[in-house]
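Once you scroll down, you'll see the structures, which are given as structure tokens.
Two complexes, one shared chain (subunit A), two partners (subunit B, subunit C).
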Partner chain A sequence: MNATRQRLGARLGARLGTRVGARLQALPQPRRSAFGVGALVVAGLSLTQALGSLLPSTATTEFGEGSQRNFVRAVSPGGGAVPLRTGDLAITGVEGATTVTRPYTYPASTDAVFLVVRFAWTPRAETSTIVKATLFDGRGRRFTVTSLSAGRDGVTCLRPPPGITADCVAVVEVPRDALAGSRIQLSTNAIDDALDDVAEADLTDAVGPGSLSDYGRGRTAPVEATYRGLE
Partner chain B sequence: MIEEPGGHRVPTEPTVPTEPAEPAEPAEPTEPTVTPTRTGWWRRNRLGLVLLPVAIVAALAGNAQRLQTLWWEEGLRSPQRPDASGVVRFVDEYDDGHHRWPITPALSVVSVEPADTLPGYQGRREPLTLPTDGMLWKVTLHVEADPSLILTGCTLALVDAEGTRWQSGSRAFTSEGSEPPSPCTPADRPGPSWLPGQESPVTDEGEERPATYDVDSYVVTVAGARPDEVWVWWDRPTFAALPVSPR
Partner chain C sequence: MVRQAGVSRVARVRRWVLSRSWFELTTATVLVVLLVSGLFGGLREVDTDPVVALQAGQAVSAQPLQVRVTDAYTTTSFGGIEKKGDTPQVYPDTSKRGRFIIVEAEVENTSDATVGYDVLSRAVSLADASGFFPRAGGDALVPADEARPYAVYTMPEKAVFGVAQPGLTYRVAYLFEQSSTTAPGARVTTVVNRHTWREDSLDFHFDWKDPEPQASGSLPLPARNAP
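After this line comes the complex of A and B, so read on.
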């Protein structure tokens, strides 16, 4: 090893100058144990990366900051279903309206806009449902509705048996300036969804690049939850 | 290192080799007299190695509050299984801090079979429409219990080998018929109940429960489901686990 280092130093010294060659010769000589430490560091970094994929997402959510964050699962409007911890969720439609209608109630109208997100929920191992929707706008504001909301906006979803799909609706009443850059999160727990899965959909494309001041204006959206096949 | 008069050692600047006046054979670096060994590393770090698993367990326990709320308190984790005659001598107790009563019926499965109608008005059978991929099952339980026991408020489910659980009372259908109100008591004779504000259990006139009876309930599952067991429970985590095969 020393002879090799001397030869290398001499060559580099001739090419780069005697001073540089001398400094290279003076560098610490790597030992076999140093390679072992390097391998351990690489293994540790790989393990950390693997663990990182199992940890909650860093995206901002309604509840659960810091170590209590959610696992945010991205879902595309009109795309396939995303698996959450207790079931599969697919966004089937996004529309705007200024009036919403529900069975057996008076229509509700707004000077702002109702963002209507239709989705399908299919539980896996036991009965469960989606009970909370949180819309984040591009300015960092949050608009949260739950299944307990009544009248104007809220989450309307039945509790299907495992394997049966429910067609559900989340209605969030927001000012028009909240439409730009908005995203919506859907959750199975309205009180504490820390460390649990939430589905998140980017609504930028669904709301569209058109004039947001006219989005949904004059439209009426029916709001009703059903089981698929029982419409 | 340089030792000061007071005994403190202060680090010195690393030595930078000076430019040699003329090319000379570099000096051989001095090899350490004692080389670190694997045994030495294990010995030096033995305290950390002992504490490492303790720290891992503590970290996992500190983040395991979901086990407490979702499984220990809310999960069905304490099954009671049937004796040789296929009967579960169920033993549980309701206790909400104000009211407390025993729940000790003897439960067995009479039948579990696919169905396409529901009970309707005046004993008629009513057809129903199920959701896409849905299937209806009729479950008949045989119950033996002291008529003074409070047996309202139970839940029944069909469970397959993978643990998928379909509960009765989903109302995942459209029909003129309806599901019975309770999987554990006769619809018209549920026996006693104890509601908040009442000093003792009350049985409405004409609703005295018999000592033995069969009771039907209906469960919507996904088509092709192969339920292995019928689970019945009043208060989690205890439940009766009854094989689907009839007694």
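After this line comes the complex of A and C, so read on.
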């Protein structure tokens, strides 16, 4: 080992200058235990990297990925209610329209299509509501609306006390090529979906099987939120 | 004598430099390059895309949007719609402190995800003018490049332009409020800004940030006050 290091030092000294070669030769001689420590360090770094891939990453583009991914509860349009952490949600209808009307606002029309998802929300133990809807299409695009961003499209849902059902509407304006293979997620938190379960519905059957180029064309959909039984 | 002393110093420096090993000289050179370039933002590639000329009706690609500015004018009252049948009345925005400079545009979201109000409201701005009210309110006037829109509406329903969905084009109006103490110009410099997709240094959330001019041009600014 020592002879090897001296040979290496001499060879490098000839190339780099005697000063560098002398310094290399003066370095402490590594022991067998030092290699063991090095192996342990490398093993520890590998283990840390493997664990890091399982933990939430700050480099992801969205919240709710990795171990913080959403708890998705599948719900069928027209089917029964699905329990989320804070309440029960049932999708009562899906329709398309090219005009939507809201109380006290001018009707909005589109050359694309408004996808209108009607749902019932019943908080279980605390006052809560659905504030965000995200539609994923078959092309990897993501259409998000919230109750705060309500302009042409958005989520309209009252905030009922526990045990009272609110009839709500989520309107998402999408190009027609986004209808095929789309699914929608409804959640109670607009910032971080991980704080509650998320209801997800596959809209393939609800939107099809007719011609998507005519889906909802010429129809007007009223958008209004109310408590069930009060409409 | 002075020259001899100078030559002597140069010779000493030269000898000192030549006596260094190549390793020390290379290290010193790298350190000097890093330190000096650090004063000007480092050795990263600098985006030097020029600001292109903006013309009315011309589509400008400004990530994550494509913006086509169609018109610019001033008015004191914007966007009122009379009640007709079941259609409710839409109240106009009326400037009590001066006038609105309206920039009408068609905005398309060319990205693959919804774009929010912060990006949409800063996609169009003004320049080379003064006397604007800041978005936060108050009486202190700011120059045009610091002014934020009083409101951004989708037209003709006059809804808040809160989100733009991918693949869709919206007809919108940007309202900038200018004080009556400032005379309106015959033209207005209109700017279309692009954004950069990057991670926030505080909450590590990715979003479109840092609006920078992509296109700028002077447009006629007629007055179109309501009768």
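Here are some notes:
Note that in this section the second predicted complex is superposed on the first by the 167 of 231 C-alpha atoms of A that agree within 3 Å, B and C clash if a C-alpha of one lies under 4 Å from a C-alpha of the other, contacts with A are read in each partner's own complex, and residues count from 1 in each chain.
Quick note on the criterion: contacts are C-beta pairs under 8 Å (C-beta built on N, C-alpha and C of every residue); 3 or more make two chains touch, one makes a residue touch a chain.
Quantities reported herein were computed from a predicted structural model and do not represent experimental measurements.
Of the two partner chains placed by superposition, A:219 touches none, neither subunit B nor subunit C. Between subunit B and subunit C, more residues of subunit A are touched by C.
Once chain A of one complex is fitted onto chain A of the other, the partner contacts of A:25 are limited to subunit B, with no touch recorded for subunit C.
Within the superposed three-chain model, A:85 lies out of touch with both subunit B and subunit C [touch as defined at top].
After overlaying the two complexes on the shared chain, residue contacts for A:33 are found with subunit B alone; subunit C is out of touch. When the two complexes are overlaid on their common chain A, residue A:145 makes contact with subunit C while staying clear of subunit B.
Residues 19 of subunit A are contacted both by subunit B in one complex and by subunit C in the other. Across the complex, subunit C meets subunit A through its residues 21-23, 81, 87-88, 90, 112-114, 116-117, 154, 156-163, 165-168, 170, 199, 204-206. Partner subunit B is touched in their complex by these residues of subunit A: 2, 6, 9, 18-19, 22-23, 25-26, 29, 33, 67, 124-127, 158-165, 195, 227-230.
Residues 16-17, 19-20, 58-63, 103-110, 112, 139-145, 148-154, 172-175, 177-178 of subunit A are the ones that touch subunit C when the two sit in their complex. Only residues 16-17, 19-20, 23, 26, 28-29, 36, 63, 66, 129-134, 162-167, 170, 172-174, 219-222, 225 of subunit B touch subunit A when the two sit together in their complex.
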